[in-house]
Structure formats: C-alpha cells, structure tokens
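There are two complexes below, and they share subunit A, which is joined by subunit B in the first and by subunit C in the second.
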Partner chain A sequence: MKSAGLARPVAIRWSPLVTALAFALPVVFVLVPLAIFLVYSFFSVDQGQIVYVPTLANYLRFFTDPVFLPVFWRTIVLCLSVAVISILLAYPTAYFLTTLRGRWRYALLMLLMVPLLMSYVIKIYAIRSILGLNGFLNKALVGLGILAEPSTLFVFNMNAILLTLTLLLIPFAILPIFLALERIPQVLLRASDDLGASSLQTFLRITLPLSMPGVASAASFVFVLAIGDFLTPQMVGGISGFTFGRILYSQFGTAYNWPFGAALSVALAVVVIVAILLGERFGRNRGASL
Partner chain B sequence: MIATPRLSSILLAAITVLVAALLYSPLFVPIASSFFPMARGEVDWSSPTVDTYVALVGNHEILFALRTTLVVGACTVVLSVVSGTLLALYYHGRRAGRSLLQFIIFLPFLMPPIISGLALLIFFREIGLERSLLTVVIGHTVFVLAIVYRTVLTRLQSMSRTLVEASYDLGATKWQTFWRVILPNLSSAMVGGAILAFALSFDETMITILVTGTQTTLPVRLWAMMRLGFSPDINALVALILMFTVLLCALAARFLIPKQIATQRS
Partner chain C sequence: MLLKRLLLGIAGVGLGIGLMASSALAANLRVLAWDGYADADWVKEFTAETGIGVDVVFIGSDDEIWAKIKGSEGQDFDVFAVNTAQLQRYIKADLVTPIDLSKLPNQKDTLPRFRDITKVSGDTKDGKVYGIPFCFDSIGLIYDTDKVKPAPTSMSVLWDPAYKGKVLAYDNGEHNFSFTALTLGYKDPFNLSAEQMAAVKAKLVELKGNVLSFYTTADEAQQIYQNNDVALIWANYGQQQVKALQKIGAHVAYINQSEGALAWLDNWVISKGVRDKDAAEKWIDFMLSKKVSGALSERTGFGNTVVESSSAGSNDKLVWLNNVEDPTKRSDLWNEIKAAP
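Then we have the complex of A and B:
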C-alpha cells in the first residue's frame, strides 16, 4: 500500500461534494448496516414483533442453550478440516506448478482456476449428484470392489459437506501457496544444493518454511469461505449435517428471530475476524525476498 | 525450483492430475448431460442430442431470470466502476482516515456474505426500502466495490507522477490533465475491474438470496429449482454460461495483465 518512489499522489483538488461522497458511501452502505446489525443483536422478539429494548438474552441463550455451542464448535472443526484437506491437496499441486517452465506453469494455473468461474449453485448440485446413492462415486467404489453395495455415507451428512466444500474451495488454497512458492529466490535453492543438501533437505529446510506464509493465507481463505457458506450445508447436509451457517440462516426464515440471528452472526464474525487476523499475521512474507 | 528426483515428480504430477480431475468433475456432469439424455440417473451415451439447447429457447422462466441477472450485472458494473474509481482517485495518497475508510470498503468482501447480506437486509428494512432489484444491485455493488477500487488504485500507484507534472508543465488545466492523461491511463484497469465486477455479480448467490424481492437473478432461481430437480435444458444453459465466463475471463486477463507487466518493466 506504500506508494514508492515515483508513484506519488496525483494532485487533484476535490470539491466538498466529492469529499462528502467519498466518506458517505462506505459509511452509509457498509458501516451503518453493520452497526444496525450489531444493535439488533441486543433486541428481542415477542410474538413475531421485534422489541426494541436492549437485552443480553440472545447472547445468554447462545452460551447456555445446549443446541448452539456444540453446533458452533462442530462447524469450526468441520471448516478447519476443509482447510487442512484443501491444503494437503493444494500444496503438492502448487509445488508441481512451480517445477514447470514459463508458459506451461501459468497455463496450468489458469486451468486450475477455471472451475471457480462455474456457477457456485450448479457446482453444488453436480457434486451432490456425484456423491449420491446412484452417483459416480458409489459406482466407482462398487466397481473397484471397495464397497459391496452403494453407500449413503457420502450424501446428506457432515461428510458430504466436508467433501463438497473441499472440492469447491481447493483453488483458493492453490493460488496463495503457488504465489509463496514462486517468490522463493532460486539462489537459496541453488546455494543449498551447492552446500551438499539433498533435495529432501532443501525442501524441508528452505522451501517448506519459506512457503508457510502462503499456507497460512490459504488456510485463512478456505476457512473463512467455508464457515460463511450456508448454501452447501443446506443442499448436501440433509438432516444430520447441521452447521452454524444453516442455523443462522434459519433465524431469518422459518425460525423468524432476527435479533437472535444477529447475535449468532456476531459470534460468526468474531471467528472470521480471528481467522483473518491469524492469516494476516502468519501470511506476511518475511525474508522470502532478497 | 530445483530438479526433483524422478519418483517424487511423478507423484506430484499424479496429485496434480487428481486435483484437476476433482475440480473438473462437477463441471463435467452438467455439460455431459446437456448433450446426452438422462434416464433414471444414468447418462445415455448412445444418442447425443442438442434437444436441451432447443428446449432452452422455450424456457421463458429461465431466460427471464438470465435477463434479470444481466441487467443487475450491468447496473452493478456502472455503479461500482464509477464509485470505485472515484474512491481510488480520492483516497490515493491521502493519509488522514484513508486506511480506516479503505478497511470499511473491504469489509463486505472479507466478511462472509451471509453477514453482509443480513446486515443489508436489516438496513433496508429499517430505512423502509422494499426488497427488489434495487436492493440486489446495492448489495452487489457494495460487495464488488472493493475489487474495482483495488484494481484502479493499483494502477494509480504504478502511474508515474512525471506524466501529470509534464501535463501541467505543458499548460494543461486540471480537467484537461484528468481527461487526457489520468483517465486514459486508468481505462484498461477500469475495464478489467468492470469485467471482474460483472463476473462476481453474475454468480453472486448468498447476498442475493437475502436481499432479493420476487423478481430475482439466475443463481437464486436455479437454487429454488433445485429442490424439485432440474429440467435438462438447465444443463444447456450451464454449458453456455461456462463458455461465456471463460471467454470473459480471458478478456479480463488480457486487459489486466499485459499493462501491469509493461509498467513493471519500464
């Protein structure tokens, strides 16, 4: 964000109207809605009407009711698992990309990013049909003799959410890891080689530590995107796959308790902010550039 | 990277192929079934057909939703490019309060869409704005603004100050400098930002679901239809949309990448 050297500000004098607009836009359409949202979490609902009297009841309910906290923790664990699996698949892929030369490297990277362009909703639907009882996965497993008969293990439960989210979010893990790997100076690797290290030693002592910022960013991206998703659990989760996002969403639909939903959102926001800050803290590239 | 031993590079290639296969499998299903009829959950490979594409032309509900999506996308692009560019020009180089306001602009993009969407939902209710396409456009604009802002700001920061100084030295006024020097330099970044904004708006589902009225965009329409299962012509639409978005992104890459590499080299 620092403007270095030549790139100093372009001098334009602004009329007060533009100044007002430049401040008003973000404040009115972002800050005010979020502030109202936060205030709402201290209200309550009585017979379908919102009671505008401040109370801590929503937060007390979240912490004391036996339903919400377990789902909250389970969802966090689920999204952490999604992040870990995505990284385990994305790291070797990103590493392989960096072993390729010039044009191929970026062509393949683009190829791996293209699935992001496909409609999110359609992808969820397609994945559900792959995981389903008559789906491709079951056919393949039965065909290979791993399963005796098609299993319902992969759809309408937590596993299904885990698999679907992973499939949807892998590209978000590949990109930051690739960028971190690519930024590692070749000189370091050659120096390590010259000093007699084996490729495995070079990888473990130089490449892996220097790529950790990319891994941290990847984990933070995937986790945040996974925990905010309420469509995937709704679509592939069935009755047993209940996540926090789903409960939150239902407060604004069937359960109709906006203030409680707002309080749940605050809890979600806290987790997301922590994840983003951790990603920022460990995602900074230190000493990787010469 | 240093040359890896043979075995490990084969292993890496194998994992990459697996990941690519995993990523492409959900794309393959609708495209395959757009050309081959489905019977009892099985694709019938024996008789390729374009019937689904013909049926699509007659599906008014879907075409209407597609039109709505395009209209929303166009409005979002105009609003976000104008305000994003304005904000980038304004905040560029300004220290007082800049980082805070920049942070606020980025919030809707960083926060899970369910939080941005619900905050807007309550906001619209409190100011008495009925849910409609207008609220959807506002939601999309707030969401994509950060991307346009960032793209234009990056270009501004890589722009040489000497260009502007030269313009002033040669006697150009403030506005002449803006129209003849600054804006042309920003144009490709603005086009790139516009394409990204359109692509994001086109597929936005989670915020839209929360702030939409009765008339809605394609992803939300598709979401509603999924409970009943799809008619096969949806697959045709999906295949067409995929081709269209790939094309769009190739365009975006063309507008965004060459210029940046060029400025880095100079």
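Then we have the complex of A and C:
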C-alpha cells in the first residue's frame, strides 16, 4: 500500500512531461517540416536564388503549363493500375494462405515478405536485366518458341514501370488482405455452410464483403507507395515512361527550383491524403458492421 | 651484433620522427584537390625534391570546394584544383591570385592546345592567368564497332533512323542542349538565344524518337548496354565509360564529334591567402612534369595536359564546359522534352 502510494505522485509528476513529449515529437518531426514545405511552395526562384516573397505563381504554373497536368493524370492512372493489378494478384495469394493450416501458413507468408528485406535499387537492377531486349524474359520466350523475336513490349516504357512497381509492391497488398481474411470468424463460414449455401455463395456473401477493409487498405498502401516513387520510373521508364515523380525530382536536383518542387509536392500530397482517407473510410465502415 | 642493429634501428626511427616533426613545423603547402590529383608517391617525391612539406585535403564536389575556399576567404589553402566553368566565380569573388608563368618552366612543354593559356576559355581575366590546365576529359560518343559502320564522325549519327531505339542518351538538360547546339553549328553552346533554344528543343524532341533510354550513372548505362541492343552511347563519363565497357568485352570505340566535343578541364589555382607563392608555383610546375602528368592518365584514365592520351587526339576540337545562360530554364525545357509525346 505504502509503496503504491509513493509511486503515484511520481507518475503524476512525470505524466505531463510524457504527454508533452508524445505531442511534441510528431509536431517537431512531422508537422513542422510539412509546414515549411507548404510555406516554400509560395516562394519563387530568380537566377538560382530563392526569393522569399509570397506568390501563387507556382500553383498557377502547375495548372496552366501544358506539361504538368497530363503527366500528373497519367501518373495517377498508372498508380491506380498498379494498385488494381496488385490486388488481383494478392487476393488469391492471401486467400490461399488462409486455407493452409498451422505453421505452413506463416512460413509461406514470411517467404512472401522476404523480398522486402532486399535493397530497392538492387531489385530494380535485377528486374531490369530480366526485362531487357536481350534480357531473361525475352530470351526465355524466344527460346521456348513463344515469340519469334525479342519483344519491346516491356522494355523502357510505361508497361515496364507497371510491371516493376507491381512486382516491388505486391507484398504490401498481400499482408493487409491476409490479415482481414484471417480475422473472419470461422463460425460464420460454418453457419453459411449449414444453412445450405454453396462455397461460391459463402465466398461472395460473407468472405469477400468482410475482407473489403483489407482490400481498401492494401489499395491505398500500394497506390501511395507507387505514386511517391521516382526511382523505378527513372530506371525502367525510358523515354515514354515519364512520370510526375521524375518531374518533381528534377526540380530539386538539376533545376534548383525548390519552391516549384514544393508546390508540385503539395499537389502530390493532396492525392496521397485523399487516397489514405478513402482507404481508411472504406476500411473502417465495413469493419464496423462486423 | 643484434644489440647494435637494434640501437641503430632505434636511432633511425628517432631521426625519422625528428625529421617529420621539423617538416611539420615549417609551414606546409596546403593543397585541396580531387582524389587522384595528389597521390601519396607524388607528394613524397615533391617533398624530397624541393624540401617543401605538403598537406593534402581531398574533396568530393564542386560545391565543397566553393564552401571550403569561400568559407575561409581563401586563407585555409594555398593551391587547389577547380574546373574552368567554376573558375570565373572564384576570380569574381577575389579568392584567387594571378599566376606568374615564368615560374612554371614545364608549362612551355604542355600540349599545343594548352600552351597558350589565353586561348583556354575561362582561365584568364584581364590578361592575367589564374588557372593552369592539368586534367581533362571529353564527353564524346561511344559506338559499337560491330553495329555502326562506317565509324561516325559527328553526333548527328544519333539522329540517324538506322539506329532507332539503339541510342543511349544522358539524362541532363544542360549538357544535352549544349551538345545539340554544337551539332546544329551554333558558335556559343552555353549562351543560346531564344530562337536557338527553340531549335535545339525541337531537335531534342526529334532525338527522343531514336533513344532507348536516358541514363544517369556509368554503370547504369553499362547494364542497359549488356541487356539490350545498343549501338550508340552519348558518353557523359568519357574514357572511364569506354574502358569499363571494353573490360566486359564490348566491341566499342570512342570519338570526339567533329563539330567540337564538350569537355571538362580542371586547373591548378593559387588561392588569395597563399602563404608561400613560390612553393605553390613549384607544386604546379611539378604537377606539369611529364612523369606526374603521364602517371595521372595511366591511373585515372583522364587526359592530362602534357602527354597525349586517348581522351582526345591532337586534332580533335574540344569545347571547354562553361556556365550556361539559365540552368533552370534548360531544366524546365528538358522536362518538356521528356513529357512530349
């Protein structure tokens, strides 16, 4: 009793500090940098020097210059496609995993996550040597007699980016879908079976709706990671695979136009925030009805 | 016997330490240079020859040199290496000291294109010499000798429809505008008029149709070369890139375009705060000796200014890189070119 009585005032004395720290860390390391970014997007550059006078010119340029919006939309479509393809591939994989029993299930899941341990750049390099005109894929297809001569379908273009991003990001789709599927109570499936539903009916009426939260978060994960990537498009995109990330990157490197780069980042951030909100909204809605 | 040898050894070590201490006490020459410009054996030989001790600091980027020299207003170093495009900035900021060519006997034996320094753009101002050319490399064209026949002489081969999809270009607006301007026959590729800029842009959009991909690093280009059907590479990394490709067995050769090839040129420069100008000039003269300059090319693969090297034949026309009129503008246009359908 006595010791508990002593411990309490100490905890009370320290708790405001801990609370303050808990709020200060995100503020200092997340909100403040983001705010600086936002402020920079209203500056301009003249002769390589940043002019600290507020202006809307950067945003005006983004909306009026014929270069940026088309690339912007094209990039969004590309990343949506990556998200859709990833989910189409990840769903059956995750479903298959949940049908496994015991330790196999997790062993296999771990195996699917192993690529995440590898350096991103190395993976892109490896994929590039697979995709090249004399790469592994073309050699295999020609060797098997499927193609008469090497195809340029997946060499340095949008298709190559699509394929590479899907390959790189698919673990991020499998995991949330797997977790959602795993959370579905077995009793529901058995009850459905008892009431005479076919397994297809059970899947469509019970499993699929209940796994939608996982699908929603998987989609927003993959989309957000894909849209922020500039390295993959840079390395496998060639001349036709020009994406928004590459424009953004060039503003910080060669152009030395940080304010405009910041404005472009804000545009990208809006898209990312919308994607995350959508993911969360659909994720939570369906989950709550459980 | 053994004891005697031991004692002699100890005495020798003691003497060595004493010498090192004394040379450190006398003001050493403070050198700021890129890796490969002041190798340990050269420094040792220089000290043995002149009795001047040397402290070398290596740098990794142009910005770093500027930060170090500007930061101390030229007081922290006696002699440093900088390229022609950068040098004018140092002259303008009054951070460098004119060099007396009569103190550099070896300068008279440099290759013809470097002998008259007033003809090297960027090295002089108001008749005074500020930079002594030391090391260079051109940005030429690598071609596959099996696929490109006859050997090209001009960059215009990059636009040849015969090599559609077999061209590797470099992902940098500044350089691409400059070399295309040279290919179009413009006199000053670093100061383009609005009209010229538009013409170069159109020409680069046209080039895109022939290009397989834009690369940024040398090993990236090499990997693309290995896995694809590449005939021509715009060689931003010059000789280094050629040698790396030849090492993996590629049948490639290198040319400097007849319209004039872009090239970077590093110079030895004496800082404003030089403590012993005589020593600094001795250092530069030593660097211009046949032995050191020859070894430089052997070790780094770059061209030197004294002995002929594979970077450029004696008749090749080289255009020393300079600051461009508006880097941001070029970068924006380059994005437009990349976004063009």
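The definition used in the following text is that the second predicted complex is superposed on the first by the 259 of 290 C-alpha atoms of A that agree within 3 Å, B and C clash if a C-alpha of one lies under 4 Å from a C-alpha of the other, contacts with A are read in each partner's own complex, and residues count from 1 in each chain.
In this text, a contact is a pair of C-beta atoms (placed from the backbone, for glycine too) under 8 Å apart; a residue touches a chain by one contact, two chains touch by 3 or more.
Just so it is clear, the model here is predicted, and its values are computed rather than measured.
Of the two partner chains, both subunit B and subunit C are touched by A:Tyr125. In the superposition on chain A, A:Val30 makes contact with subunit B only, not with subunit C. Within the superposed three-chain model, A:Thr93 lies in touch with subunit B and out of touch with subunit C [touch as defined at top]. For subunit A, the partner touching the most residues, choosing from subunit B and subunit C, is B. Of the two partner chains placed around the shared chain by superposition, subunit C is the only one that A:Val71 touches, whereas subunit B remains out of contact. Look at A:Arg103: by the touch rule set out above, it reaches neither subunit B nor subunit C.
Looking at the shared chain after the overlay, A:Leu21 reaches subunit B, while subunit C stays out of its contact range. In the superposed model, A:Met235 makes contact with both subunit B and subunit C. For the contact definition in use here, the residues of subunit A common to its subunit B contact set and its subunit C contact set are 125, 129, 132, 134, 235. Every residue of subunit B that touches subunit A in the complex is listed here, in rising order: 1-5, 8-9, 11-13, 15-16, 18-20, 22-30, 40-42, 83, 86-87, 89-94, 97, 99, 101, 104-105, 107-108, 110-116, 118-123, 126, 138, 141-142, 156-162, 164, 174, 178, 182, 199, 203, 205-206, 209-210, 218-219, 222-223, 226, 230, 238, 241-242, 245-246, 248-249, 253.
Here subunit A touches subunit B in the complex through residues 1, 3, 6-14, 18-19, 21-23, 25-27, 29-34, 36-37, 40, 89-90, 92-93, 95-99, 108, 110-112, 114-115, 117-123, 125-127, 129-130, 132, 134, 136, 167, 170-171, 174, 181, 186, 189-190, 192-193, 199, 202, 207, 224-225, 227-231, 235, 245, 248-249, 252, 258, 261-262, 265, 268-269, 272, 276, going by the rule given at the top.
Interface residues of subunit C facing subunit A in the complex, by the touch rule stated above, are 165, 171-174, 208, 211-214, 216, 220, 223-224, 226-229, 327-328, 331-332, 334-336, 338-339.
Interface of subunit A with subunit C (complex): residues 45, 48, 67, 70-71, 125, 128-129, 131-135, 152, 155-156, 234-235, 237-239, 242, 246-247, 250-251, 254-257.
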